[in-house]
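A quick write-up on the structure given underneath.
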Amino acid sequence: MRKYGVADTTFSRVDMGKEAIRVISKEDPEAQIVRYTVPGIKDLPAAAKRLLDAGCDGVITLGWVGRTQLDKYSYIAASVGLIFVQIMTSKHVMDVTVHEDETNEERLAQVAIDRARKHALNLVRLVRDGPNSLTPLAGKGLRQGYEDAGSLD
Amino acid sequence: MRKYGVADTTFSRVDMGKEAIRVISKEDPEAQIVRYTVPGIKDLPAAAKRLLDAGCDGVITLGWVGRTQLDKYSYIAASVGLIFVQIMTSKHVMDVTVHEDETNEERLAQVAIDRARKHALNLVRLVRDGPNSLTPLAGKGLRQGYEDAGSLD
Amino acid sequence: MRKYGVADTTFSRVDMGKEAIRVISKEDPEAQIVRYTVPGIKDLPAAAKRLLDAGCDGVITLGWVGRTQLDKYSYIAASVGLIFVQIMTSKHVMDVTVHEDETNEERLAQVAIDRARKHALNLVRLVRDGPNSLTPLAGKGLRQGYEDAGSLD
Amino acid sequence: MRKYGVADTTFSRVDMGKEAIRVISKEDPEAQIVRYTVPGIKDLPAAAKRLLDAGCDGVITLGWVGRTQLDKYSYIAASVGLIFVQIMTSKHVMDVTVHEDETNEERLAQVAIDRARKHALNLVRLVRDGPNSLTPLAGKGLRQGYEDAGSLD
Amino acid sequence: MRKYGVADTTFSRVDMGKEAIRVISKEDPEAQIVRYTVPGIKDLPAAAKRLLDAGCDGVITLGWVGRTQLDKYSYIAASVGLIFVQIMTSKHVMDVTVHEDETNEERLAQVAIDRARKHALNLVRLVRDGPNSLTPLAGKGLRQGYEDAGSLD
């Protein structure tokens, strides 16, 4: 049976973990889902690593980043960490990140939910359906949180 | 018996280690607490690693970062290091950092103490109570050092 | 038999993976080519690692980076990750990246295709023909996506 | 018998290695001290790693960084490297760095010497006297190269 | 017999690899020299790792970095990678880098050649003569590519 990890934070202002769980349980109803909540983005790599240690086939992390330059530096560190968790374990960790300053506050919740849902679906595709499941969409300019940019062809 | 590590610095202008120890010993009175003091933030990853090597179940680090851009670069390096300690050991290291320029000097001590105390509590929650202990607070926009931002829902 | 991995993204606005496969299959017709499509650049290191785990002798990744500073931070993290995949496995991963803001939209598709094709050829050279296959071109100021800068001699 | 490593550079404009050795040999007269000189800061992580491989209990590195933004990027890379040497080996490497632009040229030599001496002492404290040797100074706002900032309490 | 690796790029506009080989073969005539040419700086860590895997005692890499901020981000990633190759293998990799914008085009070839030659000599010193071979020059403000800055003493 497939097992998915969902790691989210108390720093986030939107419950993206709940959205990710909804999508995964709808798309892959027989799978087991394990949730792990940590304070902030710098805690997500450890959560993801522990979820993979515990047998998850893939993980989605749901991070929220503040407005300051210091927050952005933390984002770099967390991103590097999440990538290393993946290459140490050879498993996918979908790194969903919302930046508090990427759009206005009204739209931010929508962006967060859309991004969480689309990447939860991406995770199921990669874990259950494998390396070619997204290939028909390669180069199509897909976006999460916003409208697709589309292909330049 | 649970064992917590508390790593702090002589560079810091507030004794955050003392605050963290107070909270941990109050929240988890039977636990053992080991303190490790180093000069500055770039020494914290080694301290955290050594504390975990010595059997700690989790560590809190209490860093203080100066005002210059060079200090911020050091912050990036230290943050990456602390994240790697976590993914190498699959243990949590709560990385508490105060930036000397994030607020005015009057408020800075309060920010430092509040942040140290709240993250010490987070550490106990994660180490003692596990991955779902913070889940009721997921997406709630919690902040350490300042007032909670709150949920956008 | 040689085996090449081609990792691309749905974020990209040009199907660079298709171009890379064309070049590799033309240059090294007996080789096996395995494709792996992921959402975005931060997923490429895991894809590359998994392709190498599955026996690829070398990999080409085809990333597309957005216009914002946050996209650039993600680029740094992904680049570090791709380099680590290489030094962990002692195999080459040709990291092809197109930045949405590096030229105007009309030229961008051409840049992407030229860069993908030239680096696919570089990958074949290194994997099949070895460390001295590119040596006659050392110091010649070659560019991918644009005209060669040429030698200063 | 304790063994300390001292790694310095030919790029530096002050012989900080000599100062560090003076302090260590005065503070811990029975200890063995091994010196390792490399061209610049990006060579210090390898020197530190080799010193630790050769049995040193701790290392002090004495780096000098130029004025340009490129020098600062090199500083980030070297800092990350020095931190990784520490977490790979679970040993301390005191990373002393002087930036050519942090003060005027008249003061720079003094800053370098003061910083090298104070951190050499810190290294002896940590290696010989252990994790609580600096604890009485935790939160005291100590500085190396400049006057102490002092505690905010 | 000593064995040196020389890794260079086709992106470079000066044949620095040739210069490095000249210096090494003159300074250490009995040594074996292995050359490895890759497209650009982000490929150098893999080349260096493969050269060390193949028995080289030390490596010199000769990178060339473009003018844009994106090139500089690539420089950070490549630098971190080269440092990790060194600490994973406990061998030296002299990282020679020329930035296209560090001086005017007339001087650039001279800078590149001078830097390559001086660091090739540094590599021989460290590999053949050991950790104290450069110690008489510690703190002397040596520069590669430009005139020495000199000591502040």
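Chains here go by letter, A, B, C, D and E, matching the order in which they are written, and residues are numbered from 1 within each.
The rule is short, and it goes like this: contacts are C-beta pairs under 8 Å (C-beta built on N, C-alpha and C of every residue); 3 or more make two chains touch, one makes a residue touch a chain.
Keep in mind the model is a prediction, meaning the values are calculated, not measured.
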In this assembly, which chains make contact with chain A and also with chain C? none
Averaging over Cα atoms per chain, report the distance between chain C and chain D in Å. 39
On a C-alpha centroid basis, what's the spacing between chain B and chain D, in Å? 24
Multi-chain contacts in chain C, i.e. residues touching at least two other chains, fall at 76, 80, 84
Touch-based graph of the chains, sorted into line, ring, star, complete or other: ring
Can you name the chains in ring order, beginning at chain A and moving first to chain B? A, B, D, E, C
Once bound in the complex, which stretches of chain D touch chain E? 8-18, 34-39, 42-43, 45-47, 49-51, 53, 68-70, 73-74, 76-78, 80-81, 84-85, 88, 105, 108-109, 112
Partner chain B, residues of chain D touching it in the complex: 72, 75-76, 79-80, 82-84, 86-87, 90-95, 99, 102, 119, 122, 126, 131-135, 137-144, 149-153
